[in-house]
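What follows is chain A paired twice: with chain B in the first complex and chain C in the second.
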Partner chain A sequence: MPGVFPKWTNQLPLNIAAGLAIAGAAVAAGLGYYFTPKYTRVGYQPIQPVPYSHATHVEQLGMDCRYCHAGVERSWFAGLPDASRCMNCHHQVLAGDPRLAPVRDSMQTGAPVAWIQIHRTPDYVYFHHAAHIRRGVSCLHCHGRVDQFEEVRHDQPLSMSFCLECHRRPEAYLRPLDQVYNLGWNTDPARQNEQGRLLALTGDMRPPLSCSGCHR
Partner chain B sequence: MAALRSQPLVAPDPPAELARPPLILNRRGTAWISGKVSGIAEGRAPRWWWAAFLPSAGLTALCFAMIAYLVSTGIGVWGLDCTVGWAWDITNFVFWIGIGHAGTLISAILFLLRQPWRTSISRAAEAMTLFAVICAAIFPVIHLGRPWDCWWLFPIPNANAIWPQFRSPLTWDVFAISTYFVVSLMFWYVGMIPDLATLRDRARTRARKLVYGLLAMGWTGSIRHWRHYEKACLLLAGLSTPLVLSVHSIVSFDFAASLLPGWHTTIFPPYFVAGAIFSGMAMVLTLLIPIRTLCGLEDVITVLHIDRMGKVLLAAGSMVGYAYAIEWFTARYSGSPHEIFAWENRAFGPYAWAYWTMLACNAISPQLLWLRRVRRSMAAVFLLSIAVNVGMWLERFVIIVTSLHRDFLPSSWSYFRPTLVDIGTLAGSLGLFLTLFLLFIRFLPMIAMAEIKGAAARSGARAHGDPDPPGGLSG
Partner chain C sequence: MRHMILILGLAAVLVLSLAGLRGCASRRPPIEIFPDMDRQPKLRPQARNPLFPDGRSSRQPVEGTIARQAAWDGSPENTGRHPGTTNDVEVLPVPVTPSLLARGQERFGIHCQPCHGPLGDGRGIASRYGMIPAANFHDPRLVRMPDGEWFRVITEGRNQMAAYASQVPAPDRWAIVAYLRALERSRLGTVEDIPEPLRSEWRK
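Coming up: the complex of A and B.
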């Protein structure tokens, strides 16, 4: 059967196999990098109606997270401050600052400031802030060093594997309850596991690992 | 020495009563075989092929239409309810996967057991296996409700950090069936390479030369090629043999590992394997009896072959009948009111019609095959094979639906009624199966030419002077 396949085609199957292997590896690596929340969510930083700086309020002024996010210890929702809470200070501090105009408008009209939501759990996930905060999971673990942010951004992937990492090994993350809001608190990494295990034991903490723990 | 040399070293012919019956009739030789079998895949398609292909292709279109409707609308288009959560979908799945067992049995187990009569039917049976597994694979995916998530069945690393439940037989199923498909495909393809080379060498058009040349992967028929080929076939046969037993055992675990009376039985794995071989052999007969006449292959797929497949059918059918009896015995002997109820509800409940039809088709009708006259009558074996196909589909229906429809809470008892979509999907899967098989006949060597030439040599084939018969399917 001469003539149909020239001699160079002998090399072809090997080339095709090698090409497919490389393409397969590239697709797998590409999917793993670009199609997971580590890429799709982390770094999301929309421009907010008011250029609010956590760094100024927490780092410089030393305010507690709970002053604004008052529901965080009681509710699934940490809560956003309404304008009156801001105006407790800002009716004197920077009272006429144009950057605060939306807050003053909100105060007068009652319509909330149109903050853009950054951290959004899907509707099939049941997440309760208080359940985590009151067991020694710090704000830090999901929100990063939000106390130092000039503008809030999506800092952690908040993917299911992110949640499960802690649910499977809570001792690596738990802290004493009085350090939950102290985002700069540094524990000795060597002691963290031991201390965390103790905290998990004394608090009788068994984070759910079954599907229905979070997908109710 | 000179005296010894003068004696010709020829073994004496065995006495007539010890001679093996010929596997290829009319002393057909290699040229006739190549011409006949390749001729089916060459030339214009005959009328009967189109008459079979067009309705099958229509049914295939129906299958895809039904699936599209199901996926776009939801599982509710089937007749399922809260009580009967599995019905025709899983029935069809087990039915098709069972049919897929004949190919491997014939090509692997009969190969290792050195049964040369398998060569005439092995290729078609292997092809049928692949097409049946393809039909089977559709159902578990479309019954998911969210079939686009079907990749979750495989252990692929993902951002959810979750894996399939490795303790569940449903996960083992995924591995069992995908392994089975891959090994069967390799066995089928590797076995076909010498025959594809024959088609390539006979090709007249450039397109055929290219396609068959690609598929034949440069086969020249050298001794080296044959050595590798024989080794590969032996290894693949060794790999496939345990699969014949494991795949349907694991399918049966889907039921047996549950706690439902009627499913929770240790007899299920061997019972399912026997049933799978039974239904697969029946489907081979259903396909090959008409095809041997339509393609003029009576000298290759002889009455002897049908006779022997009839014996396998009889043996497997008797095992299935025995399993039915043991099911009844186990239920009574257990003393468990739930087990007894499950069996009595099967035999005398609302689905008694299905149970007794199944029993008549699967356990009683094959007993006719004890008679040599029945085994050698093509019409009788064909009708019996149809009965077995119907019976084996009903068996899966009976196992699945009668165990589910009356659960522990009488207020939730129900009676499954298929919708038009259920019926259309089953008919469509049959169409897909036939379409694939007809395409196979039309474009690939449907008889293992290279292998039956060995059987032909033992059947007193004429070496030369046997002209090629005219090509074409009608021959």
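Coming up: the complex of A and C.
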């Protein structure tokens, strides 16, 4: 009696298993690559109502971050400047420039400039700017070389593992307090750990690793 | 097997061409894959909120009220004037310490330097971009101004300069005044200020 199943079916279960394994691995690789803030958030660069350039204001003019983001030292929120702060200079500099029309309108009507928020942590995350800035974490660590950006983009993933990386080893990131706003500051990588450890010790820094450190 | 590899390869190409690589610039807002309570109906600073007619979550102070901790009384620390008069105080009403001067120097660098320049001569970077040169702090008329008036100029603005009260809190304004005085002194010195034994060194 000839076989009910042809001979090639002997290979079938093995082939199905191998195919499923390969497909599963491919899907897992895809999820691992795409389903993370490294993909979903990094690179977000919305078109803002005013084409404000950090490169012009910080790199070229040498302005300090805190002229505009005044809340960064004393509040959990760094804050965007209101139109009157832009107008401190721009009532004379580029006074009639069409790019600044939303700022002038805001100054006159009191309605805010509709900036689009780029770095938006989940609402159950309580990141405190001042707490980090005042302990020697630079703007750079979360915002990249924002001083050189023509257009702001989301530079770092700001995922939980990103935060924990520094909370576990602050010595790899901490800076002397007078270099926090100097984004171009560069230390010898070999010295960073040693210097950072000293800063963490002298500042009595124990970044929380408990849930309630950041979530409540 | 060959078909399998072909299909997988095509799928990979399809996904890559549609989704791109990590870190590519994108105008679209981030996708929240597991949006569990990521966005909650609560107010975040400076966010849009339709609850209020003006759409702002950060509220403006109610007229006729002041914030807690805000300067409110007529003491010289808050007004720069002798209480109950319009006379400016001659010297700053806060103790001048090295830390106050350091704070003033830092605040000067943040808020004053763009227009007045690091030397306080009014030739800050903004004057190269169409700004009318700001006041020169070494002008004898300004050097003779009482400290309280300096404080009030920062608070209320003057001529082309806008008020900086909302930007620089009162204690920082006094720190800046203290630093300005040091800056002025740096140009007012004479040879006589140098101790005798060091003068020959200065001449070199």
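As a working rule, the second predicted complex is superposed on the first by the 212 of 216 C-alpha atoms of A that agree within 3 Å, B and C clash if a C-alpha of one lies under 4 Å from a C-alpha of the other, contacts with A are read in each partner's own complex, and residues count from 1 in each chain.
In the analysis below, a contact is a pair of C-beta atoms (placed from the backbone, for glycine too) under 8 Å apart; a residue touches a chain by one contact, two chains touch by 3 or more.
These figures come from a predicted structure and were not determined experimentally.
Q: Is the arrangement of chain B and chain C around the shared chain A a clash or a fit after superposition?
A: Aligned through their shared chain, the two binders fit side by side on chain A.
Q: Does the superposition put A:30 against chain B (first), chain C (second), both, or neither?
A: The second partner, chain C, only.
Q: For A:42, decide between first (touching chain B), second (touching chain C), both and neither.
A: second
Q: Taking the superposition on A as described, I'd like to know which of chain B and chain C A:5 touches: first, second, both or neither.
A: first
Q: Return first, second, both or neither, reflecting whether A:159 touches chain B, chain C, both chains, or no partner chain.
A: In the superposition, A:159 contacts chain B only.
Q: So, A:190: does it touch chain B (first), chain C (second), both, or neither?
A: A:190 contacts neither chain B nor chain C.
Q: When the two structures are overlaid on chain A, which partner does A:14 contact: first (chain B), second (chain C), both, or neither?
A: neither
Q: Chain B or chain C: which reaches more residues on chain A?
A: Chain A has more residues touched by C than by the other partner.
Q: For the superposed three-chain arrangement, provide the angle chain B-chain A-chain C between C-alpha centres, rounded in steps of 10 degrees.
A: About 140 degrees, rounded to the nearest 10.
Q: Aligned on chain A, what is the least Cα gap between chain B and chain C? Give it in whole Å.
A: Minimum C-alpha separation, chain B to chain C: 9 Å.
Q: Could you tell me which stretches of chain A are touched by chain B in one complex and by chain C in the other?
A: 37-38.
Q: Contact residues on chain C for chain A in the complex?
A: 1, 4, 8, 11-12, 15, 19, 22-33, 37-40, 42, 44-48, 54-56, 109-111, 113-115, 125-126, 129-132, 160-162, 164, 166-167
Q: Per the contact definition, I'd like the list of chain A residues that touch chain B in the complex.
A: Interface residues on the chain A side: 1, 4-5, 10, 13, 32, 36-38, 157, 159-161, 164-165.
Q: Which residues, counting only chain A, touch chain C once they are in their complex?
A: Residues 15, 19, 22-23, 26, 30, 33-35, 37-47, 61-64, 66-67, 70, 77, 79-80, 84-85, 87-89, 91-95, 111-112, 114, 117, 120, 122-124, 153-154.
Q: Quick one: which bits of chain B touch chain A in the complex? Just the residue numbers, please.
A: 157-162, 200-201, 206, 209-210, 213, 217-218
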